[in-house]
Amino acid sequence: MDTTKHIAVLGGDARYLEMIKHLTKSPNTDIKLVGFDQLSEGFSGVKQLNMDELELDSLDAIILPIPGTSEEGLIETVFSAEKIQLTKEWFKKLPSHCLVFSGITNDYLTNSVGEAGLKLFPLMDRNDVAIYNSIPTVEGTIMIAIQNTNFTIHSSKVIVLGLGRVGMSVASKFAGLGAEVFVGSRKKEDMARSMEMGLDSFNINELAAYTSNCDILINTIPALVVKDEEIKTMQSHTLIIDLASKPGGIDFDFAKKRGIKALHSLGLPGIVAPKTAGEILGIVIEQILIEEL
Amino acid sequence: MDTTKHIAVLGGDARYLEMIKHLTKSPNTDIKLVGFDQLSEGFSGVKQLNMDELELDSLDAIILPIPGTSEEGLIETVFSAEKIQLTKEWFKKLPSHCLVFSGITNDYLTNSVGEAGLKLFPLMDRNDVAIYNSIPTVEGTIMIAIQNTNFTIHSSKVIVLGLGRVGMSVASKFAGLGAEVFVGSRKKEDMARSMEMGLDSFNINELAAYTSNCDILINTIPALVVKDEEIKTMQSHTLIIDLASKPGGIDFDFAKKRGIKALHSLGLPGIVAPKTAGEILGIVIEQILIEEL
Amino acid sequence: MDTTKHIAVLGGDARYLEMIKHLTKSPNTDIKLVGFDQLSEGFSGVKQLNMDELELDSLDAIILPIPGTSEEGLIETVFSAEKIQLTKEWFKKLPSHCLVFSGITNDYLTNSVGEAGLKLFPLMDRNDVAIYNSIPTVEGTIMIAIQNTNFTIHSSKVIVLGLGRVGMSVASKFAGLGAEVFVGSRKKEDMARSMEMGLDSFNINELAAYTSNCDILINTIPALVVKDEEIKTMQSHTLIIDLASKPGGIDFDFAKKRGIKALHSLGLPGIVAPKTAGEILGIVIEQILIEEL
Amino acid sequence: MDTTKHIAVLGGDARYLEMIKHLTKSPNTDIKLVGFDQLSEGFSGVKQLNMDELELDSLDAIILPIPGTSEEGLIETVFSAEKIQLTKEWFKKLPSHCLVFSGITNDYLTNSVGEAGLKLFPLMDRNDVAIYNSIPTVEGTIMIAIQNTNFTIHSSKVIVLGLGRVGMSVASKFAGLGAEVFVGSRKKEDMARSMEMGLDSFNINELAAYTSNCDILINTIPALVVKDEEIKTMQSHTLIIDLASKPGGIDFDFAKKRGIKALHSLGLPGIVAPKTAGEILGIVIEQILIEEL
């Protein structure tokens, strides 16, 4: 019996190189790459193919790029000029047990995979992946904070908005660097956890009372929470770093008008630690393969 | 208009003294105590009454002891010989806006309060209270660990089972003291959070592989997770501390048979820090009074 | 050539059991015990002797009890009724390369060893031993603080006097448990280090300004620093723990008069973690044997 | 009686702006600036002068730039085109109680001040200043580590060489970010302190045994400690950051030959946090003025 797992990686960016490297170390794994023809270095034991060379009926899993597909089924191929489009029909040719991995999904991808009767794993939706990714996200935030201020994080007053998967990591690591951290959230239990962690906390409704005495504000809440009222009392040296996905949680126009530096810093794991970000994906995909196949 | 909040405290233990003290500092609050007649020290501005002196129709809130009532409606009065029984009829005499506080509840209490059309607040069920209480719980656990070992927590290998409200606090504080902490849980996201916190982690299914090399095992999971298989390979100096409510998560009989010291340490907040435990209740009740009245 | 190291352990307490155990694991080490005849358990490969059975001329090292000798040369033998007295003549019979270990020393011991032309290692004087021992000392202090207060260390205000070998460990671990730590010292660099560690700090001269708002005061300074002026403004719940060797740094009489609980807690490593305390000695003696022999 | 302190600041860089701002807040302080004529913004209540307008006999203190003077007595004036040279005669015109501040000193400055019978304070030689400055130094190091690796500091293996004023701060903050830190030093007490801090440690002699399994090496030892033997076994992704003053502690040529990235990162406080660096100087100068005048 063939216990080898046949996996095709279709496109992807720098993070995928480390993920592929991780998967190649997994026993009984056969990996084919499509959309990596411009890659200078190869991976030992890994074959590069064109889309039409791929034998779909032998595949156990396909790994799409982090953004999944466009609404037209197009996928990002950073390391190739090849244009790859995945039609609904294409998905239907995959074996019924074939797992489909992506970072995030959209209607087109969800529907295409669903109609083909396959299982989709949008990895970025998973709590474990979000928490692992919070680590490089925090380090990117630290780097940005150091680069964009003329004072130290140590001893500065830092507001962190949200104590979710990213917020908790941000708050604890900034505190670890010696900042005085104030966590703003809407849940009473978040205030209790902040207190247990040795941090100050407040109800997000009262944010405006805190911004006037703040050196760095870091937002992780994907909703407009930092508005004119909160911005207008800020001191001129205050730095805002918004980590929340587009459109973010800051009134950037108002901040600009008031001369408050506000940065919308997205995609930090891929920027500051593509190797770690890729490893995280490799580890999680490997675990899912073991459980599901 | 009378904006004073009329509150009756019916019974309670040492923790309630600090809670009462906290509430007396709240503005516009009138507090009556029933079941505290043997208390040596009084509270300034607080009246002591008998059950029959209480004017029920003016009450805005009643605070029952932590255990609530017995299935017969009896309540614990540590500071009184008076026997107090709360009948279903009694609850019906309370005004419809009157809030009922207790630590935990049972069928009798839930039904009695429900049938009277009142709102019940079993405080110990709240996430914020559970997290605040995890702090004295951790300190009790630390004290027990130091008392019951002849080695330091620092540099010892400590397994913490569960990364819930108590588990997370236990794990982070033992790590803060220099222990090498291994967190066992069933959720992948808990493994990710453990890793972010700098702790080792494993799936609770694999616990037996970890117990042979463990100095202290602390359980917070309210389910039988440490069984003969997990105990039999433990070294003779290993200390087990079970924090989970009765019946706990340890096969205590088997541990005893193997000569492994296993302590079921319950009610730690009230034991090691009754003042803090009372303050927590005072703070949370005060918040609820503001929101609900 | 005989490369075996011949070591005699003369007396000692519970800590010495772990130290002996550690040394027996060292290769090429032959250990003789004197003054352990009432010990129930033995050590495999270790011989118990009487004083007169000891072949002095083959010894490479002797290990005396932690307190060294009395001024008459008597040594403490917790595990024996044998009275052992080490005369100046006795030391002169030891080979010239023989190392002499003790915890502390006094004039008699220093002179006796010196006149015999031998090298004395009073281990407790060493910085590394003092720092290693600070770990169990801290844990003992934590235990005492938890046992003797009705509030948590977390969120309490803790003054630590001295940022030496013990003080630094105490300060960092109490902060790790969530206390708000204020370090009092006389050196500007200690204030800088406290600040870097995220702690508050003040000049010890200004101590009186800090004691009125303090929940726990921990002293490590071996000089009278907490006098009536500092004690008289303390709140009644304040707990003083003095770690400094006799006579300590607290006016205990005045504290008593004011009803302030003040504990002089000495010898904590041997009390809370004799195994760890013994291991520390074993590790350090082993290192010295390698370097010196 | 005139209790006003008359201070002249002669040259200096961006850090000095914050220092001046800090000193202007000190009561009874009159500040004159020389060498700041190209500064766009002024300081309220602070006068700008030319060298020859300065009334030397009324001065209580002069503050020279961080580098002091050249061996010819020239000083750095970043905010001026004026060439300022301080002759030995010039120093002799200062009142005998006038304090002279600089960052570091050299033979010329030490001699000139000494011959004039004045007291020189080379601030960077002070332990407290070195420790305060270690904070921005650490943050600069963190920034560089994040910028120059494609993996996270969290979970990476970091060697820190030296546990002095900078090394201790570096080690603790990298550990706080989740790195596995190994401290290399020559003192046994440093190994004990590392262990107490929860870090691994080794004798610097054995460095070569550790470099093969290291992701980031940070040196604070001002002596050649990382030589070919230590570099040749490093993995290609290893990053070396040398913080030690020129010539540093790394064989940079050999590292280059082996393709190991090695950065000599000096002057970090002034680069990443000039405001904090200036504040540190302001605080320390203010303290000295109080004590000495």
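Order as written gives the chain letters A, B, C and D; numbering starts at 1 within each chain.
We adopt the following convention: a contact is a pair of C-beta atoms (placed from the backbone, for glycine too) under 8 Å apart; a residue touches a chain by one contact, two chains touch by 3 or more.
Please read all numbers here as calculations on a predicted model, not as lab measurements.
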Report which of A-C and A-D is connected by more C-beta pairs in contact.
A-D
So how far apart, in whole Å, are subunit A and subunit D when each is placed at the average of its C-alpha atoms?
38
Just the number, please: Cα centre separation of subunit A and subunit C in whole Å.
51
Residues of subunit D that contact two or more other chains, please.
135, 154-155, 178, 195-196
Based on which chains touch which, is the overall arrangement a line, ring, star, complete graph, or other?
complete
Subunit C residues touching subunit D - in the complex, by the definition given at the top:
126-129, 131-132, 134-135, 168-169, 172, 187-189, 191-193, 195-197, 287
The subunit B residues in contact with subunit D across the complex are 154-155, 178, 195-196, 198
Subunit C residues within the subunit B interface of the complex
135-136, 138-140, 142-143, 146-147, 149-155, 173, 176-178, 272-276
